[in-house]
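Next, two complexes with chain A in common: one pairs it with chain B, the other with chain C.
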Partner chain A sequence: MKLDETITLLRQGKHVSEETVFVLCLRAQELLMNEANVTHVDTPVTICGDIHGQLHDLLTLFDKSGGVEHNKYIFLGDFVDRGFYSLESFLLLLCYKLRYPDRITMIRGNHETRQITKVYGFYDEIMRKYGNSNVWRYCCEVFDYLSLGAIINGRVFCVHGGLSPDVTTINQIRAIDRKQEVPHEGAMCDLLWSDPDEVNTWSLSPRGAGFLFGKNEVEQFLHTNDFELIARAHQLVMEGYKEMFDGGLVTVWSAPNYCYRCGNVAAVLRIEDTLDRNYMIFEAVPAQDDVGNAIIPTKKPQMDYFL
Partner chain B sequence: MDRAVQQTDYDAFSCKISAINKKYLPCQKELEFCEMKGFSELHMAYVHRLKSLNKRAFGKVQRAVQSGLPLMNYGTYLRTVAIDVECKSFLQNAASNSKVQVLNLGCGSDLRMIYFLEQYPHLRWIDLDFAESVSLKAKILRTEEQLKKVVGELRDASETEYVSDRYFLKSCNLNNIEKVLELLTEITDPEVPTLIITECVLCYMDLPKSQALIHKLISLYKSGTWISYDPIGGDDVNDKFGSIMQTNLRESRQLELPTLMVFNSTKKYAQRFEEVSKSTEIETMWQYYVRQVTQEEKNRLKSLQFLDEIEELQLIFSHYVLLKSSW
Partner chain C sequence: MVNMTQDGVQETESKRVKVYVLEDNEWKDTGTGFCVGKISDVDGDGPAASVCEGKEGHLAAYLVVNDEGVPDKTLLWSKLEGNIEYQRQEETLIVWKDLSGQDIALSFEESTGCDALCDFIIQIQKTTESNISLIAVRSNDDGQGSVHEIITGPVNLPSNDPEQDDKSLMDALKILNENTAFEYLRTETMEFVLKNEYLLTLIHVFENAESKHALRELLLLSNIVKTLTLYNHRDVLEQMVDDDHIMGIVGILEYDTEFPFSKANHRDYLLQSGPHFKEVVPLKSDDIKNIIKKTYRLQFVKDVVLVRFLDDHSFNMISDVILDSQNCIIDFIQTEPFLEKVMALFEDDTELDTKRDGIRMLHQCVQITKNLEHAEKSRFFKALVRAGLFKIFDFAFGMETDSGIRILATDMVISIIEHDILLINTVQNEHLHQPNMLDQNQRQLLGPSSTLTQSAASSDISLLSILSQILVKDKNMGLKEQVVQALNTLLHPEGCLGADSDYNESGNMDIVMSLNDHRGNGSDSLMENLGFHMKEYFNNFYTQVAPVLFGPLIDDSYENADDDVLLIYLVKLISFIATEHNRRMSREFILENNILANISKLIASPHMLQLQLTAVRCLKGIACLNDEFYHRYMITMNLYQPIFDLLRKNLNEDNMVNSCLLDFFRTVSSQCLQAQELHSGESKNFIILNKHLVENFRNDLMAIDYVPFTQEMIRMYEADEEPYGLRIVEDKKTTTEKDAKRTFSEVSESLSTLADLKEGDVNLTFKRAMEKITAAPAHTSMEKDLLSNGS
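So, the complex of A and B:
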């Protein structure tokens, strides 16, 4: 498999053979297998939130933030589902990771599971594009090897969802056997599903899984582990990012005009060597280019308005 | 344009079937308060007939059931239950031995007449929609015994409509207000308390025509209640939901929403009724979800499918409203 050729194809949203996907996923698995549950990354690095198959916006993200040729990135998960190009977005990131292993860190999101992708579009996308589910299975195998978190310069903790009542220290995350489908409860589930909120203590999440956690839990966690920031994604933020709890936690959202209908902007967060935070805001690509050709297909496979 | 609007019936119906399939519907409120017995069975019987009569519409139902996103199921649940409950409340408040009538404008494949006709012997129900929707629905009602039994034996031999003693399924373009008035004058009684339902109907009409419909009907009937469910564009300067919705629907299916950005807030949407009505209440479907759905019911809904995005739910549901206006 020629990596650069595949990257060119993927960037254009073109079809990649089943065989190529198989090899790509296998090589990615070998690479990910050796990563710890929580990986260490040095500054400067750009933190990216949910992508959700919005390939064209992912390309904008790389363009506007300097590109993988010269910069390091941490992706906080939710590469797939909802958008039209889940496969291309996920594979492009895998290709970049294989091509520049130390510049891309990929953390697992709550959508990187068999169960959720069957409901939220990735599975259907593969059936539409390949007529069988093989490619979906290859990708799900990779999902199981994605790491659960990252730590930047020992000071910034990156995770998809948030905290867990079962996790006080990073060592407890290191002890998880992550190579499995995301369980419905427990530490691994919470890291991928929980949300910060104005609550006094651990509370039930309005989602089907995870917990709500508040300022107390965040401060406790930061103090115990000597961190200054939790960077997470998982929740749509209309302004692209949102800091909470006196700057102890930030939500970064990187899918502009989410689901092609929400009208939000997106953001990425660059952590400098000084640990200064620089947010870069970007908007969605237009549905058509300037000569009227569709960039994003408008014949949507699913209905998304109440009519 | 009429065709693009007519086709939205299959979306609404498909969503309802998906919500039934995933057990969002019926809810306890529908079963107990609205007394909608055999809810799933009747809807499935209708789908079964649809399969043999309109393959394209059936295909759409099948696809909806397969994809069935939680957000769509939640929203379908909310609109269906909200309108059912309002409908039941209206009928319950009407004296049990006196006449009452319901006009479901742009009824499409909606089946709520079945339950209420069965419960209220003095109720007359009028379903109006485009000829294509009406003729399909009439065909299904004629051939499906379970449904036919409730709506009553056909009174005339019309192939394309369905008229029994208490049920009138008639084709009519709501944009033609003279025709609407002519037809309603013929089959309804202005003195009888009247419930008018427009569920995603006014949003597809031009401003003067939708306002004419509201004004003329409210002045035609001596007393009544209007229940309307529609999207609103949003009035915040940074809120792009409405303009994106207009673009998406125009580009994907040539569907226009002429007043989405005109009546873009609950306040402005209510104003279109307030000029002619006595009392008007309105809330967004998000407010409805937060205030009217009990914690127990929220927990039940949560257990049906994994919901991935509360923020998205709030954003979308804040752009749909339920209005109740009485005169």
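So, the complex of A and C:
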């Protein structure tokens, strides 16, 4: 498989053959297996939140933040669903990871599961683009291999959703066999589903999975593990990012004009060698193809119709 | 006496009412009487007043109240005229200001009285005095403020002039936006659109605007059409996609304010590059052709043209219309001799391409049924099987070489068996048990030429064996993936029983009952009967299919990389049958064929790591069955050895292999702890396993110093080895010490593992599987995801 060619195709939102996806996914598995449940990353690194299939905004993200050729990135998950280019967005990140293994870290989001993608768009997108669900299956298999979190310089904990009452120390995450569909409860579920909130202790989440956690839980977790920040995504922030609990936690959101209509801006967070935080805000820009013609984001129409 | 005007407006019966007028900011009661809505040519202050001479014969409408005590005395004589706004406040009050500026209120004794007079006002507004209006005013649910709803009144409508400019279009857009606010205005507006062919007007204006490149007008038109879709009016929506309008409408929608400098190419797509309507079997009915086209166009509008614009309401509205059409299509397919004609394609020497198109077509039909109700689906699938679906499978799996087509055929199988695993066999049974009902055609379909249709008992395993062959032999990865899914479904015992109340409540029982009917058995013997067939079915599987399917694990002859992927599927299937099937049956097969020994060997190079870990997970899963036979076998055969070889290679790596192994040790340690605490003779398995592991691999376990539970395994082993009396004491001491030290999360961790395993018998995985099938999207709350800003 010619990686660079595939990258070019994906960046243009063009069709990639089923066989290519299969090989790509298999190679990605091999690479991801070598990663820890919580992988370690060094500064400087750029933390990115939800992408949700907004390929053209993902391209903008890379453009404005220096590009993968010269920078390290951590993606906090939710690559797929909602937007119209889930496949291209996810595969592009996989390709980049294969091409520049140490520059891309991909963390699993709550949308990277078979159940959720069946309902929120990714499955449907694959059926449109390929007429059968195989490519969806290949991708779902890769989802099971994605890391559950990352730690930057031993000081910043990155995760998609948030904390879990079952996780006080990072080593407890280590003993999870993560190669599985995200369970409905337990540590692995909570890491992907929980939300911070103004609560005094662990509380039920209105999402039906994960917990709500508050300042106390955050401070205790930071103290126990000698962290200074929890960086997470999972919730739309109109301003692109939002710090909470005296800066102990930040939500980063990287899908501008979410669902093509929310009107929000997006952000990424660059953690410098000094651990200084630099937020870069960006807006949705009109999508363009490789020669600068405008693209109007839309779903691929249904294939042939018979009777 | 009821007076009628030439417009058919009826005067009302008299209703008891109190009349108030506002004087000095206070409502003054002017008396009680009977109120009628009256059509009269009398203008003035009462019946005694003079007839309006100059306008003789000119009828007007009045609200008239005569005093109840003195019927000749007129309390009120008020003309409905000009732009008077009548307010109906709550149930019994009508309030207005007449043209002279006088505030008047009528308080009715009964709400029906008020209804009658309101109806009168509505009639008058609709016929002669179109500028008056009636507004309902109700207090809000929370008691604060009030809700105004227009009942009738003048409606602002956009210009229907064929020649328009940006100003008139701007006005139209404004009016259409405003009119969405009230139900009454919406209805009137939609009526206007339909009655006056407003869409054609827009299309005409659009054609002019496009020819003179009037961008502003084009964008306005686009916004007008979008606004019209927000009215959620079914007829208008359907009109938009009919032959006369579709091109104009999608043409207008090619322009988009969000992308003012570009233009979509919807018309091009529909006319040229896009898919065309294909008739595999010629359709005679124009109606159904139109429905098919409409369905396609609506999908195109929903998914492409308006995809970024539709709100939930309009999205659901379009989806509903599509669903109705799909129901029509599926109905049509079953009622006409259509299916028979399709199936006939697979009998004779029809062109290969036509056969392929036939499969594509049927696949699409099966896809369509995804949205239908359960009973409808059953009906359609049964019709498919009756018409001879197996002919198609014979073609697809027997003659066809194109993987794409085989994938579609498998996908159909999956859809049908996931819907109802019994369906295919049940329908086959109909044939078997009611031979007289078969016509010649069906006999032919069941004829001996077909391998699949030969045997047709409910214990039939022909589908299983075909699929197994594909999995083992076919090289296409996508097809393999699908076949595994189909096998998983076909091999699910609860699915086969079909009587679990959590599962397909209506559907399967329905089949079970009809199965019962055909056999003429009483319902008492029903389950027994099913049980018998189940047993036979699985017997056949283990004797005829499993040896072929699991051949690679029995022969130990597969080595190249390609087959590692196959082996992953097979090892997973072994985990599945060991967990889900009758224990005695599956265990006998697995142990007699030495399958676990072969799986254990897979935990080593040169197999790909994914396979090695799948094998580890399989052994772990089987250990967790807590089955004495398995435990004894795996310990005696030293099957855990390769796990420790793998551990040595990954001891200080923080990777998936390491985590997978840690998970295994954590499970053993927590299970062992549980067994010890229970002091139960029955659950010695894990204590023995722990002993085996510590005795043979103590150094490896010692080397793991970054998690507590491997040391715990050693501690438990040592506690167990000490003399009995001492052990109890020691045990207690360490347990309390340990408990004191254990953190909350460690305790809850082991608790949750315990809970898992208690449930962990046969039902756990089944329930999970069911959850997946019913796939309730409960976990992601749309609003939460969309709207929450984290505060």
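In this section, the second predicted complex is superposed on the first by the 288 of 307 C-alpha atoms of A that agree within 3 Å, B and C clash if a C-alpha of one lies under 4 Å from a C-alpha of the other, contacts with A are read in each partner's own complex, and residues count from 1 in each chain.
By definition in this document, contacts are C-beta pairs under 8 Å (C-beta built on N, C-alpha and C of every residue); 3 or more make two chains touch, one makes a residue touch a chain.
Predicted model only: the values in this text are computed from it and were never measured.
Trainee: Where does A:281 make contact in the superposed view: on chain B (first), on chain C (second), on both, or on neither?
Mentor: Neither: A:281 stays clear of chain B and chain C.
Trainee: Going by the touch definition up top, name the partner, chain B or chain C, that contacts more of chain A.
Mentor: C
Trainee: Have a look at where A:209 lands relative to chain B and chain C in the superposition and call it first, second, both or neither.
Mentor: In the superposed model, A:209 contacts both chain B and chain C.
Trainee: Identify the partner contact of A:263: answer first if only chain B is touched, second if only chain C is, both if each is, neither if none is.
Mentor: Touch status of A:263: first partner only.
Trainee: Overlap of the chain B and chain C footprints on chain A, residue-wise?
Mentor: 110-111, 115-116, 119-120, 206-209, 235-238, 258-262, 298-307.
Trainee: Can you list the residues on chain A that touch chain B in the complex?
Mentor: So the residues of chain A touching chain B come out as 81, 110-111, 115-116, 119-121, 124, 206-209, 235-238, 257-263, 287, 298-307.
Trainee: List the residues on chain B that touch chain A in their complex, please.
Mentor: 8, 11-12, 14-15, 63-64, 66-72, 75-76, 79, 200, 231, 238-241, 243-245, 247-249, 251-252, 255, 298, 302-303, 305-312, 315-316, 320
Trainee: Hey, which residues of chain C end up touching chain A in the complex?
Mentor: On the chain C side, the touching residues are 256, 259, 261-262, 264, 269, 274-280, 283, 288, 292, 296, 299-300, 303-304, 307-309, 329, 333, 357, 360-361, 364-365, 367, 404, 407-408, 411, 477-478, 481-482, 608-610, 613, 617, 653-660, 662-664, 666, 706-707, 709, 743-746, 748-749, 752, 771-772, 775, 777-781, 784-791.
Trainee: Quick one: which bits of chain A touch chain C in the complex? Just the residue numbers, please.
Mentor: The contact residues of chain A facing chain C are 18-19, 22, 29-30, 32-37, 39, 84, 110-111, 114-116, 118-120, 127-128, 131-134, 137-138, 145, 165-168, 171-172, 174-179, 181, 184-187, 193, 195-196, 198, 206-209, 235-238, 242, 244, 251, 258-262, 286, 293-294, 296-307.
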